[in-house]
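Chain lettering (A, B, C and D) follows the sequence in which the chains are written, and residue indices restart at 1 in each chain.
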Amino acid sequence: MDTAVATKDFAASPVNKNLSTEDKHRFLREMLRIRCFEQASLKWYTKEGKMGGFLHLYIGQESIAVGTVSLLGPNDHVITAYRDHGHALAVGMGMNECMAELFGKATGCSKGKGGSMHFFAPDKNYWGGHGIVAGQTPLGLGLAYALKYKGLTGAALCFMGDGAVNQGSYHESLNLASLWDLPVIYIIENNGYSMGTSLERSSAFRECLAQRAEGYAIDWDRCNGEDLYEVRVKTQIALERAHRQSRPTVLEIDTYRYYGHSVADAKHKMYRSEEEIDRYKQNHDPIALWKARLVSEGILTEEQFDEMEQSARAEAEASVKFADESPLPSEASITEDVYFEVDRNTEAGRTGRHFFNY
Amino acid sequence: MPKLTYRVALNQAFAEEIERDENVVLMGEEVAEYDGAYKVTQGLWKKYGDKRVVDTPISEAGFIGMGIGASMLGLRPVMELMFWSFAYVAWDQIINNAGCVRYMSGGLINCPIVIRGPANGGTNVGATHSHTPENFLANTPGLKVVCPATAYDAKGLMKTAIRDNDPVMFLENTLLYGEEGEVPEGEYTIPLGVADVKREGTDVSLIAHGRAALTALKAAELLAAEHDISAEVIDLRSIRPLDEEAILQSVRKTHRAVLIEENKPFCGVGAQISSMITEQAFDELDAPVLRVSAIDAPAIYSPKLEAVQLPRPMDIVAKVLKIC
Amino acid sequence: MDTAVATKDFAASPVNKNLSTEDKHRFLREMLRIRCFEQASLKWYTKEGKMGGFLHLYIGQESIAVGTVSLLGPNDHVITAYRDHGHALAVGMGMNECMAELFGKATGCSKGKGGSMHFFAPDKNYWGGHGIVAGQTPLGLGLAYALKYKGLTGAALCFMGDGAVNQGSYHESLNLASLWDLPVIYIIENNGYSMGTSLERSSAFRECLAQRAEGYAIDWDRCNGEDLYEVRVKTQIALERAHRQSRPTVLEIDTYRYYGHSVADAKHKMYRSEEEIDRYKQNHDPIALWKARLVSEGILTEEQFDEMEQSARAEAEASVKFADESPLPSEASITEDVYFEVDRNTEAGRTGRHFFNY
Amino acid sequence: MPKLTYRVALNQAFAEEIERDENVVLMGEEVAEYDGAYKVTQGLWKKYGDKRVVDTPISEAGFIGMGIGASMLGLRPVMELMFWSFAYVAWDQIINNAGCVRYMSGGLINCPIVIRGPANGGTNVGATHSHTPENFLANTPGLKVVCPATAYDAKGLMKTAIRDNDPVMFLENTLLYGEEGEVPEGEYTIPLGVADVKREGTDVSLIAHGRAALTALKAAELLAAEHDISAEVIDLRSIRPLDEEAILQSVRKTHRAVLIEENKPFCGVGAQISSMITEQAFDELDAPVLRVSAIDAPAIYSPKLEAVQLPRPMDIVAKVLKIC
């Protein structure tokens, strides 16, 4: 084991024991969809001119997005950082609009304006997709604030990386969350590195990062992200705390990313060993472990798994075709989606000059 | 019409909008139990309670960002920065989250938030507390920027800002809170993007915003009384959207313009207006467009000197005399 | 007692037991000088036009500046927030340049450019005087960084208020201080209020604010500020930690301010009771307690005390006369002290336009 | 002369200054063990070690402020912002501490710090990563602002910036890091406040900074080849201090000016230059001063579209043809 968290079997926990085979298969399918989507995106990124900018792959961390989101209800919301493809697919966004966004097409979820770091689907309670490290942490707090203000029973899941804990806005958010009893759950996806910097070189702490929550009298927990059952159990505890007591939680989930920080990070074997990467792939791959789990439970066959993988791959390929064939945004659209009032052509939007090119 | 202070006019706008829309919530440091550091929110917490008027810790990045997040879900937070100068600890939240999230989401999200507070020098509180970032904010497509000079404008523009579905940066002035002006009874609003001709004139256009508009009015009186020069005073009121037509109309009439602002000169709003006039009305100009701004240094503390650092009527008169 | 800290007698502690009568008298004199200086400044503030802007009085907290600074050596540095008169006088600044600064005169410590919130004396290792809440906390860290970089054995004492702990820059500074073993001491002068907001309404914590340091594996302590002996003992521990191990400390010192947040805060009895204020003045005044202490030690007479108070008052009055008679800065000086190279009229300062009024 | 990339030229400047002055220390995210996100500091950590080249956590407000504090005690920190866009989480430290502490201390303190990193769009990294705040920074008396366009300028200006005793904001460009240019062997420096006439011309002055200066050069070639127009290209190189004389001299010669920048238009550097030219050389102008800037919206991701959003040679040509 490479996680500091002792493993324990969470299959029999209340939140897991009544899961149907269909549920368990669905989790597997969703993790596979994320992985295949990203493998396809990586392949096409490298093809001349299909995409630009950054591409941060979530591969290796799929169990976190799928496990946490699997528990969410109608008033639970999700917001994350720039490594956002996994959460986007987990909340139900289609591969087509996601791939088209990567291709910078008008059919993209953000009309080609946001790119890889900025997937959004407010209709699915998904608020992005944010490029500034920890910049989303006050926004997540605001989602929780609005829920409480409106008297809704819900929670805001705000995902962040281990490197984001050293941004001031996160700490300000923790104090506000505790002071005002806001139903926000900060989920630290601790993959051990912020770009090329290991956890030890970026953060001072005692046992773990989540423990800093104690200073704000916030409950915290730590979780082994490779086990989808455990992710669900620890997340459910936080969700109930949010729903029942309107109290925040900081949940640190150990995980690992297989690829570089972004596609640009070719030298990622400079700051971590090939052997370390292989060890994770061999022993801690969330998909492999979940697959083995379901096989051992006697509810999954190799054939079923291959079928799932193939359909995920097919879906990804289809999304590439969709993206590739989709039209580019028009030049005129560059100044659209800047101001609501202008886009809607309201009286306010028609009054005075809003744009200053002549 | 009854006379109200700029402070009370704003206070009325808050009260009326709180009653009109249950999603309007006021937040900021000391805005509730303490009635506001400058008493702009006086009595509102007592009247509307903890839910609608909320005191925050000293965490601008945290609570401004929180307000932006809450506005994405449909609240209409009216966030007070005790001083706009403190926006600099929340700058990323304002520029990147309020300013860019609509665009990056392809228009799926909008942030109906107002961020407000005083932005001015002249009160001897030193360099760090005297910033006037209207030019920074207006440089940012996605944000709207309003700088009212009178009680009437402050109330009418604030009500519009709160109802606007885009993020509106509302820059007030501690030196104006106590200034009285006529404010009609009952409901009225003033659209953003409409300048106000605060004085008609024929010889030169004095174009300004915020407190500088009042300084321009005083200068116009001096010009009329002592130099027989008829100055027109255009109060921009909102910087983005900008009422360009009003500016150009005035320049087409007077063929001369002096731009006044209390900000530092380099890349101030005056620079933008000047370049716009030159580009749009070059042939109408009988003289160079001149600018009056604060003396180009951080805000000095020394009370007597800070009064000199900011534009005075005499400074405007001197510039006008160069071109008239 | 109104402090949460249990009192204990620190007179016999190593750092205190060898203090000479002269030392103990000096501490008393310095506390009196701070109080008299500020009483005079308050009196003249209210006189038409003598001062402008803010005036944050330190009265009630004098034992902290005097007690902590009394231990500092040649490589120990001090930086604080806007409530900075006490620290300024404690490090040895003269009343004249301080009062002249309040009067906005050219003879002021900052040539009338900084005002009450911005007293500086780098020659006395005093780095101000900062108006943005917690804005000085990374600067204090930088002083410690420079000391370590230069191989000097010293510490940076960075003072801050209880309301400043919720600014992100402070938390970022704590992580860096611990991660890099920097000799910085964050001293939280906890006077129970940030403007009109009580500690409980602004901060979430378990036992106290300093305890948040645990999250960064930083040592912390808490101190009853009314007792100068205790202030010295707790500060000395932090100083030794900085000097010997180059490790940071967060020290929270309970204290109380008698006046409003600033002179503008006339309504300060709205958020705290007259009775509370009186109780502090009666039972917890650091000067009265220190005086009583020295009397009980048999090393101070009423006459000596009166003489000290009178000379402090006389010095304050003289500084008012000095300030009042001093010249204003020239109009030309408005654009001086902006750029070092321009002020020194170097080649760099003479190249290109630096100022943009025409 | 040997050809070097902009990246290597900067790298040489760092190495030379580290060796020249023991107080020079490089800091930033990934600058040491990782050789820099854009490899600008490649090899320096290996060569000079932990003391001189330091990796930081993702805490810009904390480490930038720390660098400012260290500079008050005499260190000469060269702080990398992986992107200048991230300055917005450290904005208060930069504007209020680096920018104002000298003034507020009456000149007792100075901050010999360099804050550097790329500030540009055009790499499809989206709105939050594509900010170009040179206008915000140059609005702030107390700060100096440099925007080099070539390898030669980058090295010479960086060495000067590190030796300067005021805080210098050094804005680089990820699109230029790989661009080659002639750089002499050995020691040289370029003063701040001196523009470079990158191409002589007689019909129109193209005034720009950073990458826009190279776009202007391309436009000048088109103008010569296709329109027989002789354009002079002035590269400002530093924004504050500003080489006003070079601008005015050129305008007195050509009587026409087009200002190009990759920033958003409202209150951009072009606005300041335009207002300055109008004020200082009004009678020299045969046509309105025109501006070319980025299309006024947050930076779009879509690679094909972002290429359109930023000024292209054809956009400059079109503007020039309006006045020539």
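As a convention for this text, a residue touches a chain if its C-beta (ideal position, glycine included) is under 8 Å from a C-beta of that chain, and two chains touch if they have at least 3 such contacts.
Here the structure is a predicted model, which is why all the values come from computation and not from measurement.
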Chain pair with the higher count of C-beta pairs in contact (A-B, B-C): A-B
Label of the chain whose CA centroid is most distant from the centroid of subunit A: C
For subunit A paired with subunit D, centre-to-centre distance based on mean C-alpha positions, whole Å: 36
Euclidean distance of C-alpha centroids - subunit A vs subunit B, Å: 39
Where subunit A and subunit C are represented by their mean Cα positions, the distance between them in whole Å: 46
Numbers and ranges of subunit C residues touching at least 2 other chains: 110, 112-114, 118, 130-132, 135, 166-169, 172, 175, 179, 201-203, 335, 338, 355-356, 358
Where subunit D touches two or more other chains at once, by residue number: 57, 59, 61-62, 85-86, 88-89, 92, 96, 103-104, 126, 128, 141-142, 240, 264-266, 272, 279, 290-291, 296-298, 300-301
Of all residues in subunit B, those that touch subunit A in their complex: 25, 51, 56-57, 59, 61-75, 92-93, 96-97, 101-110, 112, 141-142, 144, 160, 164-166, 191-194, 238, 240-244, 272, 276, 279-280
List of subunit A residues in touch with subunit B within their complex: 77, 79, 108-114, 118, 120-122, 127-132, 135, 137-143, 145-147, 149-150, 168-169, 172-173, 175-176, 179, 335-341, 343-344, 347-348, 351-356, 358
Of all residues in subunit D, those that touch subunit A in their complex: 29-30, 33-35, 37, 55, 57-59, 61-62, 85-86, 88-89, 123-126, 128-129, 264-266, 290-291, 293, 295-298, 300-306, 308-309
Touching residues on subunit A, where the partner in the complex is subunit D: 49, 51-54, 101, 104-105, 110, 112-115, 117-118, 130-135, 163-164, 166-169, 194-197, 201-203, 267, 270-271, 328-329, 331, 333-335, 338, 355-358
Interface residues, subunit B side, partner subunit D - complex: 61, 85-86, 88-89, 91-92, 95-96, 99-100, 103-104, 126-128, 131, 135-136, 138-142, 240, 263-272, 274-275, 278-279, 282, 285, 287-291, 296-298, 300-301
